[in-house]
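Worksheet: the structure to be examined is printed underneath.
A, B, C and D are the chain letters, set down in written order, and residue numbers restart from 1 in every chain.
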Amino acid sequence: MAKIAYPTISQRATFDSRHFKSPLKIALEEHISTNIFNPTETLPPQSLTAELPYMNPDFVADTKDRLTNIDVRVQAMDRAGIALTIISLTMPGIEGIFDPAIAVSMAKKVNDEIHNLYTTGIHAKRFRAFGVVPMQDPEAATVELERCIKELGFVGVLVNGYSNVGGESMIQYLDEPACAPFWAKLEELDVPLYLHPRIPPPDQMRIYKGYEFLAGSPWGFGLETATHALRLIASGLFDRHPRLKVILGHCGEGLPFSLYRIDHRIRHFQDGLLHCKLRMQDYWERNFWVTTSGVFSDGAFAQTLKHCGEDRVLWSADYPYEDYDEVSHWFDTLEISEHTRATVGWKNAERLFNLKASDAIA
Amino acid sequence: MAKIAYPTISQRATFDSRHFKSPLKIALEEHISTNIFNPTETLPPQSLTAELPYMNPDFVADTKDRLTNIDVRVQAMDRAGIALTIISLTMPGIEGIFDPAIAVSMAKKVNDEIHNLYTTGIHAKRFRAFGVVPMQDPEAATVELERCIKELGFVGVLVNGYSNVGGESMIQYLDEPACAPFWAKLEELDVPLYLHPRIPPPDQMRIYKGYEFLAGSPWGFGLETATHALRLIASGLFDRHPRLKVILGHCGEGLPFSLYRIDHRIRHFQDGLLHCKLRMQDYWERNFWVTTSGVFSDGAFAQTLKHCGEDRVLWSADYPYEDYDEVSHWFDTLEISEHTRATVGWKNAERLFNLKASDAIA
Amino acid sequence: MAKIAYPTISQRATFDSRHFKSPLKIALEEHISTNIFNPTETLPPQSLTAELPYMNPDFVADTKDRLTNIDVRVQAMDRAGIALTIISLTMPGIEGIFDPAIAVSMAKKVNDEIHNLYTTGIHAKRFRAFGVVPMQDPEAATVELERCIKELGFVGVLVNGYSNVGGESMIQYLDEPACAPFWAKLEELDVPLYLHPRIPPPDQMRIYKGYEFLAGSPWGFGLETATHALRLIASGLFDRHPRLKVILGHCGEGLPFSLYRIDHRIRHFQDGLLHCKLRMQDYWERNFWVTTSGVFSDGAFAQTLKHCGEDRVLWSADYPYEDYDEVSHWFDTLEISEHTRATVGWKNAERLFNLKASDAIA
Amino acid sequence: MAKIAYPTISQRATFDSRHFKSPLKIALEEHISTNIFNPTETLPPQSLTAELPYMNPDFVADTKDRLTNIDVRVQAMDRAGIALTIISLTMPGIEGIFDPAIAVSMAKKVNDEIHNLYTTGIHAKRFRAFGVVPMQDPEAATVELERCIKELGFVGVLVNGYSNVGGESMIQYLDEPACAPFWAKLEELDVPLYLHPRIPPPDQMRIYKGYEFLAGSPWGFGLETATHALRLIASGLFDRHPRLKVILGHCGEGLPFSLYRIDHRIRHFQDGLLHCKLRMQDYWERNFWVTTSGVFSDGAFAQTLKHCGEDRVLWSADYPYEDYDEVSHWFDTLEISEHTRATVGWKNAERLFNLKASDAIA
């Protein structure tokens, strides 16, 4: 267990004597772009590359630089008391490639670049990685998953929602039968999958017509991802593979507040509609972890802790879309016990990924 | 102000001495069907009539009976300590009629039947009503709105989301320009519009493929309705009509927990994307009220109070889809001050609709 | 109702876009000292003058200056967005005078000085006052109470706990029979009494032996005052005078979290032990208001709102013992709706004292 | 880790589908009386034996029976899903004996009877025990402590507040120098001390004059015990013995809500007043555990979790003063994740006492 450096009595004379910095934080929804493949630029059509098209040009330019600048990233980590980040390819990632063969070959190259530049690079002690997998070809994704974990030493994979399988409107969700071998391998390897948002597919955009920016904001992302997670649950996947570990960002994309209501209604549903055996809430508590990426609300954090249990909530930031200083300041001064701060700040991540935060800054 | 009957000391020997029944409750998401028009049966296609197609046959039969049985309804109100309900035509309502002319003529008949059977019927003291309006023809809806309030004495209108305008996939949201006169009249009359859920339109169903029941559950309803409310906000409607009053059910359809995050991201958006002048949260606090219909979560209730303020939250049940006994028991024993229980239970509704709960049971 | 100045869209680009300053705040546990009588210096023995004997000399000197410096006080109010303060004589006040005759005569002089320097002085628009009353002579206190309200225009009185009646260990609590006429007059005048802490009397100090500073800290103050309030409730005072209004500081001195447990045990008590007819919680909700003086905890604030109801909680600071900037910053950025911020920040005080915050800065 | 038996889908049709029974609960503020020594009857004067003198005769008779009836106790545990209880001698315990020599000899006999009747008796699998220690003679208490742990297999000791040392008003708190060897041994043995309430000593009763029942209720108990715990902290005890483990009941006797305010004021205190090096909150988080005994408030529970961290809160009931059915029903249906329910319900106790709940009912 990492030692907490309590302040001495002479350090007590600050405005809010309860709080001090937690220097061992681990963050795990932290995005990069690669030289070999840049999801924010090289994928058609640009309208599907999330929120950047709606952002101010200055913010866009700054964000794109921060997606690849490793030195700036490490300096920001230092300043904010972040010992370690688990990096991942930014949205929409490999999932946005229409041609499965290209997806397969590109995934390998991206993983190799991540391995070279981050997890074995000059700042290797400060980084771990989620690998990318070409879900357009689930068999190939399964092979690449195993390579990521066993050969490259990655700690899991991150998938940006649905995958394009041949075109803009031809999409595949992760509960579909073709993905079965991938999940079996994931359970066998005992590593988590981070289910990250992606902008809703074209046929979901009618409701946003005239307000497309809502689709490319936390609102559209959250609904798409949460519905995807509900599909996984309702499909019976977690009955077939009870040891799977799925991570959701943004305090669970709204699901913690909705599952009990869905369960409450499902009581009256006809038999056979759901393919899962337990209540949705039960899978939530057993198979899901959540991060706080992009959330700065004391109330949302408190509710998330309550619904998920303290051991399932992991602090994260969403760099470079969010700012490490802002997010860390919020968390470091949040009115919780230092024990909870350490549990959420790094200890849960240490346990889930078999890491040691203090090693990163030793 | 309604007098709270505190228990005498001799009534204190109950398990939980804090709680006692609140007999003056007002409920306002309470659904009926009419003889002239039954939204659960007469509208094509059945798959768009919400959750009933997924429910157990017994539940469906019981629910359909309770939608029209006024005596059973009043008995349930008596048993649960509900003085007054504001009833409304059940989902999808007039909004699901494809032919605008039929919608216009049917709306009038439905309002007349509500007037005869409920607000001037044998139990008239126990009922108020939200009128129906044929949004397929906004000019006609505006006329009917005025008739509802001025001639029939209704306290507002309830709209079930988008309206079909000519077919299953031809839909109109309330922020669209054609609806402008309707909103102007609503503000002039100073009465609220209850924006009730409706099952997502066909082009939104791809994400639910294989799991359609999710669309016909609180999940699908909530997303559709909340997005609709976001459209209203982003359109600038509440800048043009700052005194509009919109009511959302189900503790705000998830919006209270999301608005601050959307505002937080919108900071970085390009100018001109939004057509509104203030933060979304500001409109939320000024123009929206929420009911607790269908929610039995202590935590969700507490968060809703926190985000909306105690004066904007109104208790409701969602009869006959929910059970008055269950929902009332939850609320009557909820760990809040009796002052808050009275405020949420009936006083806010008394203020918003210019009512007096005690008159209903005098 | 005071108008809330929502920020325009151009003001949204702040770190936390949810929050902005509330410029109309009213504070009501704000202490002064007078020229005619200085409770922090002229009362024997000094060990009973609360926490100042334990504080750093610099803090003591600064605090003593701020107790009387009106210009500095108004500047601090300006800086922190406080429109109006209701000032009161600092602890232990008139209550610490051993000789009843001196108490009676000194109370008049103090009230006159407050009237001259504050409520009719150069900054009269920014101040209202709680009067002092010589409870050592309840008949005289009753007369002085009436003079305070009717002649001097004060908005209520503030009493610092028990009164010395003849010596250090001869004390009188406000529920004792001699005080009955005073309470009757208070109800007749329809103004609140602020029950402020005082350091525990000598016979309560055994438990603090070796740690006397705990008695002169929020801990000792809170227990003394809360027990005093429980005596008032258990005495049946609020059955005899159901319209009395009592204000407690410090989020209710811990009572909101304890009353339900006391009520829960009292179920099993023998008849006749309590002299009140209702549950303690019932009096709490009907006869008590609380201020947030000295509290900066999001969680304590949330619980207080929940237990007391939004209409019974009033923001306050505890100047000069606390700093207006610190306390205002905490409140102005607290994660609550702007509606709740206004209700707690000034509207409840406007209602309770029949004031208008905007008049103070017009 | 104990396996959670999730309900199958056929078990979902209950009113509140979220909740189900937790059958492995461990409770640890559960009181007994002994044949050799009955604290509720044999100690002078009766007015200091806590709340029983104020209770209804029926409640008293029933409680006294339940203090010794082991079969009834086990049946109540079975009914409420309590696998294991850690029993302890009821208030005021050995601490109320005026004569140190009698205290020493009686403590041994009581521990032997507990050992014979409970931890090696017919229901031995269902019981563990806190031993009693004669703090009137700290050296002897140290010896008896070691015997309790090493010879009798007890899991810690429970002390009922201050000890009488020669008479009614001659009392000793646990921070006094004489107790130093006892604490050293406790740390060496690595077992917890449960600091249980006792009615305030006579010189503290002035404030309760006319309302003595308040002293013999949760109010008086909580203040006495919390102040005792503050003495321990301020004395520097936890600097000298940083691995000590102290358990408080009743959600921490109000301390979690007050410590930050005390720390906040202590900033301004003169050097040397406190004998401890860290903030009070720091010791709280490191050296204290709390139980929920006697608390049935959702809000108090939530705040306790927040202030203490999920790993420091342990469910308990306070049998026979409280009812196992009532307390278990409250906890089993509390709106928390099943993970948190298991953590608080039994897993934290398993860890703190090195136990296995499932062994008790195997």
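In the analysis below, contacts are C-beta pairs under 8 Å (C-beta built on N, C-alpha and C of every residue); 3 or more make two chains touch, one makes a residue touch a chain.
Given the structure is predicted, the values throughout are model-derived calculations rather than measurements.
Chain centre most remote from that of chain B: D (centre = mean of CA atoms). The chain pair with the larger count of C-beta pairs in contact, out of A-D and A-C, is A-D. The distance from the centre of chain A to the centre of chain C, with each centre set as the mean of the Cα atoms, comes to 49 Å.
If you average the CA atoms of chain A and of chain B, the two centres end up 35 Å from each other.
As a whole-number value, the distance joining the C-alpha centres of chain A and chain D reads 42 Å.
Looking at chain A, one finds that residues 16, 260, 264, 266, 274, 296-297, 299, 306-307, 335 touch two or more other chains.
By the touch criterion given at the top, residues 51, 54-57, 59, 175, 200-201, 203-204, 206-208, 210-211, 213-214, 217-219, 222-224, 227-228, 230-231, 234-235, 250, 254, 257-258, 260-262, 264-266, 268-270, 273-274, 294-297, 299-300, 303, 306-307 of chain A touch chain B in their complex.
Chain C meets chain B in the complex at residues 6-9, 12-13, 16-18, 260, 263-264, 266-267, 274, 276-279, 281-282, 285-286, 302, 305-312, 335-340, 343. Those residues of chain D whose C-beta lies close enough to touch chain B in the complex are 15-16, 296-299, 326, 335.
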